[in-house]
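As written, the chains take the letters A, B, C, D, E, F and G, and residue 1 is the first residue of each chain.
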C-alpha cells in the first residue's frame, strides 16, 4: 500500500472512526452514569451516532439529495445519493423517540415510587426491601436482583 | 450581464456584512461580562445577521418561490427571535437575576416578587 | 403564562401558521422532504406550544384527550386498512396498484397519500397524548437546588 | 410487478402469512378505538385464536420443507419486504400463537387481581402489540423488518413488565433496566445490520446470504456478525448478558411472565438461529469465527451458575426465572454443536421449554393470586388446599428436570445424543449433572407444597376454572409431547435441516 | 463561493456560542446560547442549501426556526414556573 | 463539535444543561445529515431530537430532579465495555469501502434500483417517500405501530385512557 | 368576515409555500386552511383571548422601513462596544410608558425594542414596559418615546 493509497484510505474511513468515537461516548454515558435521565440522553446520543454511520454509507461523492426535480425531468448526469439508508434511519429515529418517551415515562413512575432517580439510591432501597423480605421469608441468593 | 454582476456584488456585500455581524454577535456573547449584556449581543445576530444574510440569499435566488420562502423564514425569525429574547430576559428577571447597574443609576425595581416558596400542596 | 402579553399574542399569531406548515409538510411529502411523521410532529408541536403558553386546561378543551386517544388508534387502522382494501381487491397487502389497476402509478399516489395520512394522524395524536400525560402529572417541588 | 396486465387475484390462502401478523396488529388499535372494557378481552382472545389457526394452517403447509414467500406491496424481494415461512419459523409461530391463546383466558382472572381495572383496555392492547411484534420478527424475511418488529414487541414488553408495579414497585426499575439493556441490544443489532448493508448492499435475508457467500468473510462481515450476536444475546439473556431477566420475570404480572418466558426469549433465539445459519453460512462462521468455542463455555456456565443460584432462591417465581437462564444454556449448547441432531435438540427444547415454563409460571400465578406471594413460606402446604394447581406444577417441574415421559426429557435426550454423536462425551455428563441441579430446585418446591403444613389460618380455594384449564392443557401437553415424540422431533428436524442447508434452504 | 465564506463565518460563530454554552455560568446564559445556536443553525441550513444548489430544502430551515422557538419557550416555561411557585396561573401543570 | 457536545454531556451535572445539550447535539447531527444529502432525515431529526425529545426530557425533569448526584462507582468496567465495543467497531470499518465511494456494494446493489424504479413505477419526485411508503411500506406500518405502542405505553404508565365521560371510574366502583 | 380574512391569509400562505398548483394540491390547501381556521376558532372561543389585527398595512410597512434604519444604527453602536477593548457598558433598567391601545400594537412596540440591539424589553406591566439597556444614555428615553409614537400611529384609529 503506497502512501497515496494510505492517505486516501484514512480519509475515506475517518468519518466512520469519528462516528465510532461518538457512539462510544454515548454508550459510556449509558453504562457508567447513574442518573436515569442521563442514561436516556446517552442512549439518544448512541443511537444518533449509529444513524450518522448509516447515513454516511448512503452518501455518494458528488451526489445530491435523492429528490428529483418536480417535473420529473431527470438529468442523467446528476448523481443521487442512496435513498435506502435514509428510509431505514427515518424508521430508526421514530423507534428511538418511542423508546425515549417510554423510558422517560418509566422514570417519572420510578421517581414517584422511589423518590429518586439515582441508580445508587434505588439500589440501596431495593437492597433494603430484599433484606426485609429475606428476614421474613428466609435467605436467598443471587444478589439484590 | 452587468445586471448579474451588480446582483453578485450586492449579494457579496450583504453576505460579507452579514457574516461580520454574526461573528460580532458571537464574540459579544463570549466577551460580555454578564447575562444581561449578553442578551444584547445575541440580538445582533438575531437582527442584523439574519436580515443581511437572508437578503443576500434572496438576491441570489432571484424572483422565485425560494425567495418567498426565504422571506417567510426571515419574517418568522423576525417574530420569534425578539419574543424568545424577551421571554428569556423576563424569566431571568422574575427569577431574581438583576443586572448590575452602571454608576449613577438606580434601576427601576419591579414590585417585589413573592419569594420562590415551595407550593405547600405539593412539597412533601 | 396567561398574563404574559407578548408570548400570548405571538403564539396566537404563530399557531395557525405552524399548523398550516404541518399540513403543507403532510401533503407535500411526495415532492419535498417531509411526510406524515414530520407533519405529525409539527402539528403536535403547535398544540404543545399552545399548551405551554396558555394552559393545559385550554389545550385539552381544544383537543380533548378522548379524541386524542381515538385518533391514536385511527391512524394505525387507516394505514392497515389501506392494505386490507388492497387485499380485498385481490392484490397483495399494501399493493397500491390495486386502486387503479389500469394505471398503477396513480394507485401508488393514492396509496401513499392514504398511508401518510394515517402516519400523520397517529403521530400527532401520540405526541399530544404523551405531552398531556407528562404535563398533567402533579410536579414535584421538594428539592430546592435552584 | 403490478404492471403486468394479467393479474391473478390472490386468495385468502395466499394471504395467510400477512394475516398472521395483521390480525393482532389491527386488533390493538381496534381495542383502543372501541375502548369498551367488556369487549376488550373477547377481541383479544378472538384475534389470538384466529392467529393460532393461521399458524396451524401455515405449519401444515410447510412441514414438508417447502417455503411460502409473500411479497408485501407486490414488490419483488430485494426491493420490497418479503415474508418467508419455512418449517423453522412456522414452528415458532405455532408456539407463540398457541401460548398466547392459552395465556389470554388465564390472564382474565389474573390481570383482574393484579392491575387496576381502568388500565385493562390498554393492557390488552399492549399485549396484542407484543404478540404482533413477536410474530412479525418470526415470520419476516427482511433483516431490517426484524428490527422494527422486535422493537414493537420490546416496547410493549417494557410496558407490560412495568404493570407489575401495582404489586411491587421494583417492577418499574426492572422494566427500566430491561429498556436500557434491550435498547442497547437493538442498537447493536442495527449496527450489525448497517455493516452488513455496507458490505452487501441489501437487506433481504436470502439476498444477504447469497452475497455474503459470494464475498467470503471480510472484516466488516465478521464485525457485523459479532454485533448481531451480542445484540441478540442481550435479548436472549445469554449468560453474562442475562442480568435483566430474573428481575423482569419476577416482578412482571403473572400473565405477562408466562407469556414472556414462553415466547420472547424463544423468538430471540430464533432470530439468532436465522442469522447464524441462514445468513452467515455455517461453514463460514464456524470455521472462521470459531463461534462454538465462545458460545459453548457460556452455555455450560449458564447451565450451572444459574441452576446453582436457582437452588438457593426463596421465591418460587425468581427461582423459575433463574432456571430459564439455565435452560437457555441448553439451547445454546445445542446450537453450538452445529450438527443436525444438536440443532434439532435446540429447536425441540425451545418448544418444550416454552410449554414447560408456561405451565410452571401459570402455576405460580395462581398461587400468587390466592396467597398473595410466591415466597416458599407463603405458599407452603398449598399442595393440599389446591391439589389441581399443585399437581400441574409437579408435572411442569418433572418436565423441567427432564424425567422420562415428559416433554423435557425428549429434548435433553436428543441433546445428549448429539453430544455423544459429536464425541464430546464430557459435555453429556455435564448435561446430566446440571439436570441433577434441576432435581434439587424442583424438589424444594415440591417439598414446600406438599410436605409442609399450610400456614395457620389460611384456607385457599382452588383456582378459577379459566386459569386451571389453560394450565392443565399445557401440563397435559408436557406429557403428550413426552410420549408422542415424533410430532416435535419431526418438525424440529425439518427446521434444523432447513437451517443447516444454509441459504440453499432459503431459496 | 460567497456562501462558503458565509458558512465559515456562521460556523465560527457557532463555535464561539458553544463555548458560552459550556461556560454558563447561569442557566440563563446557556439558554441564550442555545437560542442563538438555533438561529445560527437556521442560517447555516439555508446557506448549505444554496451551496449545494438545492435551495428548495428551505423547509428544514423553517422547521428549525419553529422548533428552536418552541424549545426555548419550553425551557423558559420551566424556569418561570419553578421560580414563581404560587398565585400566578403559570403552573398549568398543577391545575387538574 | 459533535464530540465536544457529547463529552460535555458526560461531564455536566446539571440535567437542564444536559437537556439543552442534547438538543444542540440533535441540531448538529441534523446539520450533518443535510450535508450528507439526507434531507428527510435531517427534517425528522430536527423535529424529534431538538423539539419533542427536549420537551419530553424537560417534562420529566419537572417531575423529578434537576441535578445529577455524583456517584463513586469505578468507571473501569464501563470503560472496558466501551473500549471492546469500539475496537469491534473499528475492526469492522477496516474493510469498509471508502466514504462516498460510488462503487461500494451499498451503492450498486439495490439503491439504484429504487432510484430507477421510483421514476416509472411510482412517479413521485421524492424517492425517500416512495420507498418509505411503498417499497418498504410495511416497515413504515411497523414504525407507526411502534409509535402507537409508545403512545399507549405512556398512557398505561402515567395517565390512562380517557373516555368521553368518566366511565371508567364508575365501572371501577361497580366492580370492586 | 374576520374568518374570511383568516382564510384568505392562510390560503395565500399555502400557495406561496406550496409552489405546486395541481388541482389536488390546491384542493388540499383549501381543506387544510379550513381545518386550521376551524381549530383557531375553537381556540379563540376557549381562551377568550382573540388577537385583533388592528393595524394599518401601509403605515406598518413604512414603520418597518424606519425600524430597519434604527436597527442598523443600533447595531453599529453595539458592535463598537463589543469591539472596544474596554467595553464601555452602562447597564440600566428603566421603564417607559406605552400608548398603544391594542395588544398587537403593544407587542409590536415591545418586540421592536428588543429587536434593536442595545435595548431589551424585560417585563410588560399595565401602562409601561420595563426596559434594559446595555449602554444607557440620556436620550434613549426620547428615542424610545419616538418609537412609541410611530407604532401608535400604525394602529387603526377607531379601536376601543
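The rule is short, and it goes like this: a contact is a pair of C-beta atoms (placed from the backbone, for glycine too) under 8 Å apart; a residue touches a chain by one contact, two chains touch by 3 or more.
Remember, predicted model here, so these are calculated numbers, not experimental data.
Least step count on the touch graph, chain A to chain B: 2. Touch-path distance (fewest steps) from chain B to chain F is 2. Chains making contact with chain A as well as with chain F: C, D, E.
Of all chains, the one whose Cα centroid sits at the greatest distance from that of chain A is G. A centroid comparison over C-alpha atoms places D as the chain most distant from chain C. With centres set at the average Cα position, the gap from chain D to chain G is 61 Å. Mean C-alpha positions place chain D and chain E at a centre distance of 46 Å.
If you average the CA atoms of chain C and of chain E, the two centres end up 23 Å from each other. Annotation: 41 Å between the Cα-based centres of chain A and chain G.
Of all residues in chain D, those that touch two or more other chains are 3, 25, 28-29, 32, 35, 72-73, 144, 148, 151, 155, 158-159, 162, 191, 197-198, 203. The set of chain A residues that touch two or more partner chains comprises 23, 27, 57, 64-65, 67, 70, 84-85, 88, 90-91, 94-95, 98-99, 101-102, 104-109, 111. Shown for chain G are the residues in touch with two or more other chains, namely 13, 17, 19-20, 110-111, 121.
Touching chain pairs in this entry, ordered by label, are A-C, A-D, A-E, A-F, B-C, B-E, B-G, C-D, C-E, C-F, C-G, D-F, E-F. Interface residues of chain B facing chain C in the complex, by the touch rule stated above, are 76, 79-80, 83, 86-87, 90, 95, 116, 118-119, 122-124. The touching residues of chain F, when paired with chain E in their complex, are 1, 4-5, 8, 14, 16-17, 19-21, 23-24, 27, 30-31, 34-35, 39, 42-43, 46-47, 50-51, 54-55, 58, 61-62. Per the touch definition, chain D reaches chain A in the complex via residues 144, 147-148, 151, 155, 158-159, 162, 165, 169-170, 172-173, 175-176, 179-180, 183-184, 186-187, 190-191, 194, 197-198, 203, 243, 246-247, 309, 312-315, 318, 322, 375-378.
Note for the complex: chain C touches chain G at residues 4-6, 8-10, 12-13, 15-17, 19-21, 23-24, 27-28, 31, 50, 54, 58, 61-62. Residue ranges on chain F touching chain C, taken from their complex, read 39-40, 42-44, 47-48, 51-52, 55-56, 59-60, 62-67, 120-126, 128-130, 132-134, 137-138, 140-141, 143-145, 147-148, 150-152, 154-155, 157-159, 161-164.
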